[in-house]
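Please find the structures below.
Here chain A shows up in two complexes: once beside chain B, once beside chain C.
Right, the complex of A and B next:
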């Protein structure tokens, strides 16, 4: 891949940037979930690996969070966007060379950022823990080139219309630059106290609301009609989804700080907006599930659809939780407990990961023009991911409810820790299953490159998936 | 048409504002819809199913009901002003100094007396007192500050009770004649009302956007481009 860095644009095969991002994100996913499994082991078995300062939970947790968010989640978005955007515009990527450089700078930036985090250099702010020079690097050298490539590919499309997926890609990556630069203002301008707290959660909320969930949804808008062959159920419902994300998902940041001394009117506003996040959620889920009409057998038979629809189905509990857990009455109970950790994993490891895994499976086969090496290993990966995630989600939700009860009834902290212990072990088991499943995935993709059956021109991978 | 901002077409100053959903525009949209393939993907023109419309209306009503400001308002010092007065009354003081009872029993009995005494009073704070029960210990901690504020003749409803501390409320209401802002959180709460206006603004904008599309009775023919 590195030979394309200095090649002429016309000599770089289409899809190179996407493949570079695709393999990178799988690697980061393995590293990120491996770190997650290691961290969970520390919670399940407190005496595990206590002799290295650099491997303490306080260092490792942030490294895990940032590896999965920026390495896996956003990396997989980039891999998906760089092949889906040109495909939907019946055109080529604006610059494969920029894309290849982008992937290289992405990996280098992440290595640098994660190393500094590991060494303890951190802003100490949730989800934006990188120190400010890394934040500027991410905005200028990781996200800006990606946005330019996506935006210019859309501008230079050969269609007059723009498909729903591309609205989300263009809008979300543009907003990511804004969110990153404004969200990190407390570091640039040395804001402290309540201003810092609000800006931190404005950043964290919008990374999820204006990037991760809409882009994951955008991917499913592509995969489901493409693989099933059904038209998207409704263009106008797509409009409702997109614009309600813009309006209702960008405003409720204050609902992360319901117990803080922020102005009460701001919390009231944020809380109503927080419930109204259900508007895009309902529009989106119904649009995708209705697109599946007449093709539900593919949910069982087809690997990409299995991943995608599982992700869409997980978006239902995700948004039900998200809408209501931020209201004052429920937030009082679940705030600061494992419930929130479970919810965050439902968004990232549930909904987003399943949607992205489908896009990476599909995209890699399309770009490489090779059939998946082993469908059985693909299915094995799916079940490891689903069972592992479910164990994690259920155990952490229960642990969170125990913590909430303990907090309200003022149960001694150590008693709560003891009560949670079994759930911490289940959490570790679930996380480890996800990690092991991902190693199998990498092997499967590597073997696809090396020994995957070549696809004939004019044939799409899902059309031959079961032809052996 | 502007390449990036086609909506601005309708806002040219040398032309009167024209409808974005006139017959010609809709015919153009229908032609594009049927004659081009977006990477092999087609789109239908279906409306939201009626049960889903119902679900969305229910979502809005739930958002309004669930986050109704009264449920989330912090208690203010005025709610407990009568508690402090009654705490100083001789029957309550007698209970609090009763040597035959344990400290816990004294506190419980005294607080029960205060709550009982105020049960039938025609107070605007009745609902909020039920919402925010307090212990005698909390009242003891709050009492000096509430007495101090009573002596200063300030509006106690501008002070919040946070745990067992009394602090100036962080609600920013209208400007008062003396140049300060009202700290009393009204039942309608300005953030809450902003959300209601915001929602209707959204509905208005979506209606304008969707109005530009062909009517829902029109079904695109996907055999033309695919």
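Right, the complex of A and C next:
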């Protein structure tokens, strides 16, 4: 891959950037879930690997979070966007060379950012933990080239009109740059106090709401019609989804701080807007599930559809929780408990990860022009992810409800810790299953490159039967 | 193909995003920036200094570039006995908190008093200074303000440190709190709906002016710490708890912070962690009557900063 960095644009095979991003994001996913499993072990067994500065929970938690967000989630977005955008525009990627450089800069930036974070160089602000030089690097050298590549490929498309997926890609990566530069203002300009606290959560909310949720949805807008052969159920409902994301999803940042002394009007406004998140959510889920009409057998038979639809189905509890848990009536009970941790994993490890895994599976096969090496290993990966995630989600939700009850009855804190212990062990087991499943995935992808069945010209991967 | 058929859509997108940012950033920003600082906020600014997270003044988060809080029982200049007073010593070159540099942080009334009574128009990073938080009562309304005691009372930095009954390195300690990720489990935000009995009163609107980062914490896997120093003020207990939380709370899941001792005790002897662990396991399993001694920490160790910070959370 590195030989393409200085090659001429015409000598770089199409899809190189996407493949580079694809393998990088799987690697980061393994590292990120490995760290997650290690951290979970420490919460269940606190004397596991003790005495070491670098292996202490408080140093590793944020490294896990940022590895999965920027390494896996956003990395997989990049891998998907760099092959989906040209495919939907019936054109080539604007610059394959920029894409390859982008993937390299992405990995280098993450290595630098994560290691400095690991050794304690942090801003102390959740989700924007990176120190500000790294924030600037991410905005200008990781996200900006990606956005330029996507945007210019859309501009140079050879189709009339732009498909739903590409609205989201162009809009979301543009908004990500804005969110990154505005959301880190407290660090650039040394804003303090409640302004700093509020901007921290403005960033955290919007990086999820304007990037991860819509782009994961955009990917499913491509994969489901492409693989099933059904046209998207409704373009107009897609419009509703897109516009309500921009209007409703960008405003409820303050609902993360419902128990802080922020102005009351702001909290009420955020809470109402937070419920309105259900508008894009319902529009999206209905649109995708109705697209599946007549093709539901593929949910069982086809690996990519199995992943995608599982992700979409997980978006239902995700949005129902998300819409209501931030209202005052519910938030006072679940705020700051394991319930929220479970919800965050439902968004990232449930909905987004399943949607993206499908896109990475599909994209790698299309770009490499090879059929997936083993369906059995693909299915094994699916079940490891799904069972691992479910164990995690259920155990953390229960732990959160225990914490919530302990909180309102003001039970001595240690009793809550004791009551949570079994759920901490289950959470660790679930996380470890996800980690092990991902190693199998990497092996499967590597074997696809080496020994996957070659696809003939004009044939798409899902049209060919599996050999193994 | 360009975006020509999407002209209206692109404009609408820009308008929607801009409106959203006006409502969610500009308007709250105006509102929050107009809040008056409380005495707590002024004390926090002077205790923690400019910033507790990454900063060019302290890039590796070692707790550099932070003020020192001292407790005085006698006047550093005259030596006369006085009521217990907290003073904040900024050695020359120590960065100042935003409230001393910017007009927008503390509110107009506080700024006026700080300049007229507190002489804070004479602050200087190069010279450093000794600061106090004072109160002025007028018509029954109490207004806190900052006093530059180096000017108003002639307290020099050296004399103040010499006269100090106690030095509290809570500024450096907050850096430890941020760096060690204490706030991933311990919140600094008792909630308004409950928590009153166990964790104390929730913070007020103006309690945060000038503080950065606020480290509220979002995931409470452990007790809230905003008023922990009022619940438990024992340094010895904190020392044992940080060295090995299982020593005082057998079911605790808190990590051990033994490495913050820096490998040596107060007398400079090397701490043998493995030996300590063996003795602890023997104690835990009932083979020993007494637990092993927790080594005293050195005065400039990171654990001292952290314990000072925690005990200072009243």
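What we mean here is this: the second predicted complex is superposed on the first by the 464 of 468 C-alpha atoms of A that agree within 3 Å, B and C clash if a C-alpha of one lies under 4 Å from a C-alpha of the other, contacts with A are read in each partner's own complex, and residues count from 1 in each chain.
FYI, a residue touches a chain if its C-beta (ideal position, glycine included) is under 8 Å from a C-beta of that chain, and two chains touch if they have at least 3 such contacts.
As the structure is a computational prediction, the values presented were derived from the model and not from experiment.
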Discussion item. With both complexes overlaid on chain A, does A:340 touch chain B (first), chain C (second), both or neither?
Written reply: second
By the touch definition at the top of the document, which applies to A:181: first (chain B), second (chain C), both, or neither?
neither
Requested in this report: Once the structures are superposed on A, label A:290 by its partner contacts, choosing first (chain B), second (chain C), both or neither.
Outcome: first
For A:327, using the defined touch cut-off, is the partner it touches chain B, chain C, both, or neither? Pick first, second, both or neither. first
Next item on the list: Mind working out whether A:123 is in touch with chain B, chain C, both or neither, as first, second, both or neither?
Entry: second
Self-check item: Which of chain B and chain C A:159 touches, first, second, both or neither
Solution: both
Exercise for the section: Could you look at A:202 and tell me whether it touches chain B, chain C, both or neither (first, second, both, neither)? Expected result: second
Task = Based on the superposed arrangement, let me know which partner A:136 touches: chain B (first), chain C (second), both, or neither?
result = neither
Counting residues of chain A touched by each of chain B and chain C, the higher count belongs to C
- Query: Which partner does A:192 contact after superposing on A: first (chain B), second (chain C), both, neither?
  - Reply: second
Chain A residues contacting chain B in one complex and chain C in the other 155, 159-161, 243, 247, 251, 261-263, 265-266, 269-270
The residues of chain B that touch chain A in their complex are 3-4, 32-33, 36-49, 52, 55-56, 59-60, 62-64, 66-67, 69, 71-74, 169-172, 185, 189-192, 194-196, 198-199, 202, 205-206, 209-210, 213, 216, 220, 222
In their shared complex, chain A is touched by residues of chain C numbered 1-3, 5-6, 12-13, 16-17, 20-21, 23-25, 28-29, 31-33, 35, 41, 50-54, 59-61, 97-98, 105, 178-185, 187, 189, 191-195, 197-198, 202-205, 207-223, 245-246, 249, 251-259, 273
Chain B partner, complex, touching residues on chain A are 84, 87-90, 155, 159-161, 163-164, 222, 225-226, 231-240, 243-244, 247-248, 251, 261-276, 278-279, 282-283, 286, 290, 323-324, 327-329
Chain A contacts chain C in the complex at 42-44, 46-47, 50-53, 56-59, 61-62, 119-126, 131-132, 155-162, 171, 175, 178, 182, 186-187, 190-200, 202, 243, 246-247, 250-251, 253-254, 256-257, 259-263, 265-266, 269-270, 332, 335-338, 340-341, 403, 407-408, 410, 412-414, 417-418, 421, 424
